[in-house]
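The same chain A turns up in both complexes below, where it pairs with chain B and then with chain C.
So, the complex of A and B:
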């Protein structure tokens, strides 16, 4: 590991450790002062989730709730928070991680456990917002891995160097511990993320990574947290423009938008996950018309979703508004693989170059 | 690429190409002889799917249907088969692949297309059974990638060497084109496949690959075709014993059984996919009792499924029968991550060594 990476890792670890320890110290201080121990937990309710026009993603507002040991109803919740924070402190200390499912089972051995997984997830999120840190920093990992990456970039993970051109045709898999990975070297000008692994493999086969000097990222549907963190990091640390190409329907639009402007549910960690400078490349309603793509008719649920998007603060840009209206008007949607109508190579030989030129 | 691998690849390609070409030649011969062109398509109906006790997997029986150009109802189907076979012949020739979704869109440009994806999938399967080859050999790839592999093994894919210890913490991803990958070198004694990526990451973190000198395979639920092909190849080409560890419920049992004895639906390609020597390591009903695991009660649908398994020819081994009965009797199921009740390390430090010793 390079010295910079090692220092950063040590810093992150120290920060997590101290924040977790601080939670307990706050309670001890209250006891010492003979005050009733109280924790301030920022509210995650919808009324406290605010779209920040400058940052261009959702953030949490100023409202918070108090959890007091003076309130009988809140004693259990505080006990769970302290137990969980202690478990995380231990994870950070020994440099291990656990899935939220493992953590739930571990809690079976505690004096004060959880009734179900949902309850333990909620307490986990309480700790995230209270400390202002993402659960990955606290050692709690999601189950699922992130996207696949193919192209000319070299990562460093511990003592291991990983070349994303030498990890096989399915590329390098972004792991939940992506923040421990350093970008060692690269030779690309941009990043193109695509919704399906079908399109990922098409781009690898057609040498899109050479033609466009790009990293290819296969999202596998809705982008995992680790994928969003990765895209933010390549965008900001390596100054690479990020393009997202998905199916031409409201669900494809929103997969791109969550990468760009984050989700409301994760307002407390969007500062680590959102990439406001990422651009939606397609498939747009205009693409459907201009390229005469094979389509399916919009279903009722698609139209409802498009109308929701139209009034969502993340879609207030005139270009988005125009594309949403156009899709409702033509009443059609198209998959990204539908370019194959013109031959397997068409999407790489014609569509991508034309769209990249438009956006650059 | 080594010479052996290159030869094998050339042989596979030649075989695929000739079989596809043969399909068209058969029709031309019929025409030349002034016979009515006819194709024999083995039946994939349930009555033609037979469990082979010696091979220990489902195979197709001897029944077949005839598709004749003399039957007006069958003309379209034969036209679709010929078009699709021709498309595949071209793919094999230029050494490309397409997803079945791309193929469907490509067919929009044909004189004789498909009404929907299901119809084109069916014709694809018709060609598979008629030629006795898997669709991967014909260039048609599934959308999804296979499992993740971590451990001391080196693959060769084209000119690229891939070290599964140097592909990152999430390991090497088995791609749909796994048959083009050669096993160059390895230093392991066995393979342990686990159902969840949570368990995969646990095993990587606890150095299970060193402790048991094993490859770790993260199945991500039901094993993809490419994963099953990979497990069969490491078992037969490298003589490595394969163990499967899943959740202790009927669905976990069956994920293992499909790896071991194949599925009925894919009876025509089980000879390429089934690994009859693979062993189910757990979680068994006995494990649930012996290790006093945290459990959930069996649901009605779990019990129904267990009863189905009990009468399935693949589960006639006394050990399986006993475990299925025991699970119904105790009325409980357990996830593989539930060992965390005893601490995160327990599954690797205690459970795996005990179970491997029992099975070896």
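So, the complex of A and C:
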């Protein structure tokens, strides 16, 4: 298993390296042929982001823009792209990573630098879509850490082995460089991701990891790229079912949906980030009714958002449609922690078992 | 106690013109210290020009202005004209309404007031006599006289004080006058500016001017031809009133009214005469002296109802495009100039006129105000600069009505621009005796507009071409800077040698390969050149055409600009804009990014 993982890592690295090199070769070949070099950069505009019904996540369409060396407005971007590609190729080669902020500062020394971080972020994404690689593959990582993981799983990060059961009550923090991490061993049947760290700690205290033989993942709101990558990897590499449990409101719904079907903005890397097999456990509108949970009335912005979700291609599943309609109908929302109404243990002792059984 | 009518008339008296203007000197334009001096310059220069041209001499004037005390100056003005015979000298300088120009002819002066007005002002403010030296040719020999005289205002005549004969080498007149209550100024309305403008309207003249500080300015000729003398033309019937007809009838020796009309008016054919008889029902074979007011009134009335050919324009001599441009170039050294002369047309139905307009841009064009170049308008009537009362003038009104933005001048006031407009006519419709502004007749405004818009279009083309050239240069610079870097980086990326890329560079800069390579071998001169021109352009960018150039050039360099895009670019640009908005919508940290997909 370790060997497979290592091979996978080496393969990915090789692929990134060659793709970056290929970008340079493309330009040099054109020059050698005395043609004006052009790069095809897939368009990231909303009109080119399409929902793939089969893959069940957003992908980029086949439209692209051309960056020509002969266009006075595009030449600077080409310059920034080749500089950035060289920087990334070097990172991949020496097996280091840099944050996009660091990359921005490094660019100060380039002949064609960036005017602001926004510009460097955009060019970074241009390279991602052009090569079809995620920024993590290119040695660039996001600033923020991922979620917390608690449960019976052992990671290898560099030379260190980490047991997520023995990393303190807050668990193991998913690193932005999650692709560098190998899964050495585990003894779980499933993964339950929860929106808040409050719920995470409740589950740790109530020994939920033992009761359900599960990994507990504390998302801390919208899931970071590293968290999504982690969930996809445990789902696909370890074949573990993934459940997401969030607050019972449109925002909680959507945190789950971004994990399941990816975001439109990252359509070009959703193949590495989306976990279409993940399941939404709750809190659903039906839960609010069935469990008679304490609620807050829906605000106007909540209703607006629910209506948006109803027309979003990712929510076309009838189950989602009926939950959204139901929530609008009852006009109420509820937090995960509202199960405490029935005692602190209730959510782990009663709610989760019932829901898991229902979904399986 | 009431007075008897005879007593009331005890004080009845007659006022000579000189007396009248002594009390109303503002009517001669003498108001304010600066303006008074400018008007003096104007009158003397105008007279010298008219005299010289009539004699077929290229005018050459020397003016020296000395400051004796605060507000007290001595002006010495001499010309190379034909001179004035002794017996006419005091008539010219001391008798109001005496002159040779009361004709229907295109000329600078018209009223015979100018020179005597100057003498009057001098005498009123200082009490000093006028000194005039005149040299003229008589029976093949030069004669010269040196007079000192005062003006007898009561009699509207000169009063000789001293007289001396001398033997001159050339013809010409030299007059010396003292003035108080005047002041020399470099302002737009000042005497110096008056000379400068005079030179533009009269490029065939030469003026040497020594200012009160002793500095000598020499304005050289830009043209060597004496302007063709305008011919007197008969008045057009449309320009004739009943009163004119009665006056003509009284002073004619013609025996029939019919022949009076044909000999004193233009466009008066037999056919027209018959038409007049038909419309007015008056027998034109009557003796002129027997014409009654009612009769001439109905004839004048007939004139206004009839169709006449436009008045003859042979009497109108425009300055001409080349001469104007020569004059403008000499004084303004502009980067661009365009001039046009309109065809003769008429106003008020019967008075022919021609509008000439020229526009000069860059160089010394425009006026420098506090280190800032401002645009200026130079108004002329029969080559004479109009410096005052610009607000009510037809030229000002016409220029104001033009939408300058359409000609690439968004901020007309702050552009190094000189607009020249000259009206040529046998009768310029001045708004007042000061003769400083032209009545806003609709036909005149229309002509000024048409002429100016034509030259403005040419200027717009020039500015556009200049902008394009600058953009092309900037564009080329960008490529020359970026292409080598990109190819070097691409080679590093591809782990290969940097290939030969001059061909690609030539393609993208749209310049020939030879041009690119050639520049490398002899780059020194070229670099100096391009630096200069770039500096110039930059300066212009900063000062003048900010709005025109800067924005657009910036757009062109700017990556996100949206000019000049092909379809693929469009897709690209769109996607980028959308991306931008997505980014904006998701600026919050990932942990709070619940809105991420709002897109």
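Methods note: the second predicted complex is superposed on the first by the 358 of 360 C-alpha atoms of A that agree within 3 Å, B and C clash if a C-alpha of one lies under 4 Å from a C-alpha of the other, contacts with A are read in each partner's own complex, and residues count from 1 in each chain.
The definition used in the following text is that contacts are C-beta pairs under 8 Å (C-beta built on N, C-alpha and C of every residue); 3 or more make two chains touch, one makes a residue touch a chain.
All figures in this text were calculated on a predicted structure; none of them were measured in a lab.
Engineer: In the three-chain superposition, say which chain, chain B or chain C, touches more residues of chain A.
Structural biologist: C
Engineer: Who does A:144 touch here: chain B (first), chain C (second), both, or neither?
Structural biologist: Touch status of A:144: both partners.
Engineer: One more residue to check, A:343. First (chain B), second (chain C), both or neither?
Structural biologist: The answer is first: A:343 touches chain B but not chain C.
Engineer: Could you tell me if A:45 is touching chain B, chain C, both of them or neither one (first, second, both, neither)?
Structural biologist: second
Engineer: Please indicate which partner A:207 is in contact with in the superposed arrangement: first for chain B, second for chain C, both, or neither.
Structural biologist: neither
Engineer: Tell me which partner A:82 touches in the superposition: chain B (first), chain C (second), both or neither.
Structural biologist: After superposition on chain A, A:82 lies in contact with chain C alone.
Engineer: Looking at A:36 after the superposition, I want to know if it touches chain B, chain C, both of them or none. Which is it: first, second, both, neither?
Structural biologist: second
Engineer: Per the contact definition in the header, classify A:161: touching chain B only (first), chain C only (second), both, or neither.
Structural biologist: It touches chain B, and chain C stays clear.
Engineer: With both complexes superposed on chain A, which partner does A:225 reach: first (chain B), second (chain C), both or neither?
Structural biologist: In the superposition, A:225 touches chain C alone.
Engineer: Examine A:71 and indicate which partner it touches, taking first as chain B and second as chain C; both and neither are also allowed.
Structural biologist: Touch status of A:71: second partner only.
Engineer: If I apply the document's touch criterion, which positions on chain A are contacted by chain B in one structure and by chain C in the other?
Structural biologist: Touching chain B in the first complex and chain C in the second, residues 144 of chain A appear in both lists.
Engineer: Along chain B, where are the residues that touch chain A in the complex?
Structural biologist: Touch list, chain B to chain A: 96-99, 101-103, 105-106, 108-109, 141, 143-145, 148, 155, 157, 160-162, 165-177, 181, 196-198, 201-202, 205, 294, 335, 337-344.
Engineer: Flag every residue of chain C that touches chain A in the complex, lowest number first.
Structural biologist: 475, 478-479, 482-483, 485-487, 489-496, 499-501, 503-504, 507-508, 556-561, 568-569, 571-580, 582-583, 586, 589-594, 596-599
Engineer: Where on chain A is chain C touching in the complex?
Structural biologist: 20-21, 23-25, 27-28, 30-32, 34-37, 41, 43-49, 63-67, 69-79, 82-83, 85-86, 89, 111-112, 118, 121-122, 125, 142, 144, 220-225, 251, 254-255, 258, 263-265, 308, 312
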